[in-house]
Amino acid sequence: MAVRVQREDFDIGAELGALTRGNTRIGGLTSFVGLVRDMAGGDAVGAMTLEHYPGMTERQLEAIETEARRRWPLDATLIVHRIGRLEPGDRIVLVACASAHREAAFQACHFLIDWLKTKAPFWKQEETPAGPRWVDAKSTDDDAAARWERG
Amino acid sequence: MAVRVQREDFDIGAELGALTRGNTRIGGLTSFVGLVRDMAGGDAVGAMTLEHYPGMTERQLEAIETEARRRWPLDATLIVHRIGRLEPGDRIVLVACASAHREAAFQACHFLIDWLKTKAPFWKQEETPAGPRWVDAKSTDDDAAARWERG
Amino acid sequence: MKLLYFAWLRTKIGTAEESVDLPAGVSDVGGLIDWLRGRGPGYADALANLAVVKVAVNQEYVGLDHPVKPGDEVALFPPVTGG
Amino acid sequence: MKLLYFAWLRTKIGTAEESVDLPAGVSDVGGLIDWLRGRGPGYADALANLAVVKVAVNQEYVGLDHPVKPGDEVALFPPVTGG
């Protein structure tokens, strides 16, 4: 049960290791790492800057995490999201869920990233050859999040 | 594209870091780690020993990986499975898929572990208070694998 | 009340944050947005299409009919694009 | 041909691996299993219920009607439980 917003990179091995350490009820750990791609919408992207709404971001992430724990039997969850300037190949976000059962770990992890993408107040501005450009929200992200609405 | 069967533990951070390094087409990396639980079927389990069929195991894992790459646009995949004696909390298996798109990374990773569980020739023998016991295959694993049969 | 703007709403309006007294006659988010549109062309441009404007009052998502009162923190921003 | 047994089939049969000449009259996996059952009570016990016996010939899963020939590697084992 942890939510962090930070400028620094995160150490995947250390984060995931800490999540399961000492809890031998855990049978499965699913994680997702989002990375900066060098192409978006067909245009070369040099880098991007992530902005957020301090305070509300943490509240939203905690609410999403609480909802995941209400829906699935989870032993541990983690969301780490970076802000600031990131370059292609840099890690943006880490979402991880540990459970006795792998199906719960998969479902909950998938749910967390889908909801985070449509509910957590972060915004990306890309650096493109034509200048900075705010990234538009994607309808595919809305569709992915909507799958989980039924509860 | 790598498949490994080994006695040693693996370093999640090093494995996942190597999987995406230098490929800035990757937008998402989904991974699953299976761990030894201290409870199975209601009885306390002290440890387990994993046996496999050398040669056929690698062939099956490679075939499963090839099938995943046929179905989804993947930039990188990894399967590492341990054998030998493992204690509660020990890592058993790591499956990871990287793709431009998170949905492909999630689907492929989920597929790989589901198919691995029903097709790769590994067998677990648990140490229980009543003595060693071969673990029975679970119908829930068959059901999970069957979801992906349609291709 | 405290007003916060993020991403391209911030860029168009030209400020990230401002404090205003609750305008006379304004009782909900919709009324506040109508009042803001009259504050200048940057505001009018940023708030021209409410289909792409999200609103949070005191850090919770709300609709246009949500009440606003003195002391509230009201944030206006585009659909989110994190993750 | 080379015969391999894994997990509880190995335990019940009492060996992990053996080499045998293709028995006269045996041409497929089903015939081979019938012949093995006659080799002793351990084999008969291990092969009593084919619903829980998987077969691989030359490291590929096959059915009971799959042909066997001299030089084949035939493995018998329970449903797998890795991962």
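Going in written order, the chains are labelled A, B, C and D, and every chain counts its residues from 1.
FYI, a contact is a pair of C-beta atoms (placed from the backbone, for glycine too) under 8 Å apart; a residue touches a chain by one contact, two chains touch by 3 or more.
From a predicted model like this one, the values you see are computed outputs, not experimental measurements.
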item	value
Touching both subunit A and subunit D (chains)	B
Most remote chain, CA-based centroid, reference being subunit B	C
Chain centre separation (subunit A, subunit C; CA means) in Å	26
Centre-to-centre distance between subunit D and subunit C (centres being mean Cα positions), rounded to whole Å	73
Rounded Å distance between subunit B and subunit C, as computed from the means of their C-alpha atoms	49
Where subunit B touches two or more other chains at once, by residue number	34, 113
Residue list for subunit C, restricted to those that touch at least two other chains	none
Pairs of chains satisfying the touch condition	A-B, A-C, B-D
Subunit D - residues contacting subunit B, complex	4, 6-8, 11, 56, 59-61, 75, 77-83
Subunit A residues within the subunit C interface of the complex	34, 50-53, 55-56, 59, 81, 92-93, 113, 116-125, 134-138, 141
Of subunit B, residues touching subunit A in the complex	11-14, 16-17, 20-39, 88-89, 100, 102-103, 105-106, 109-110, 113, 144
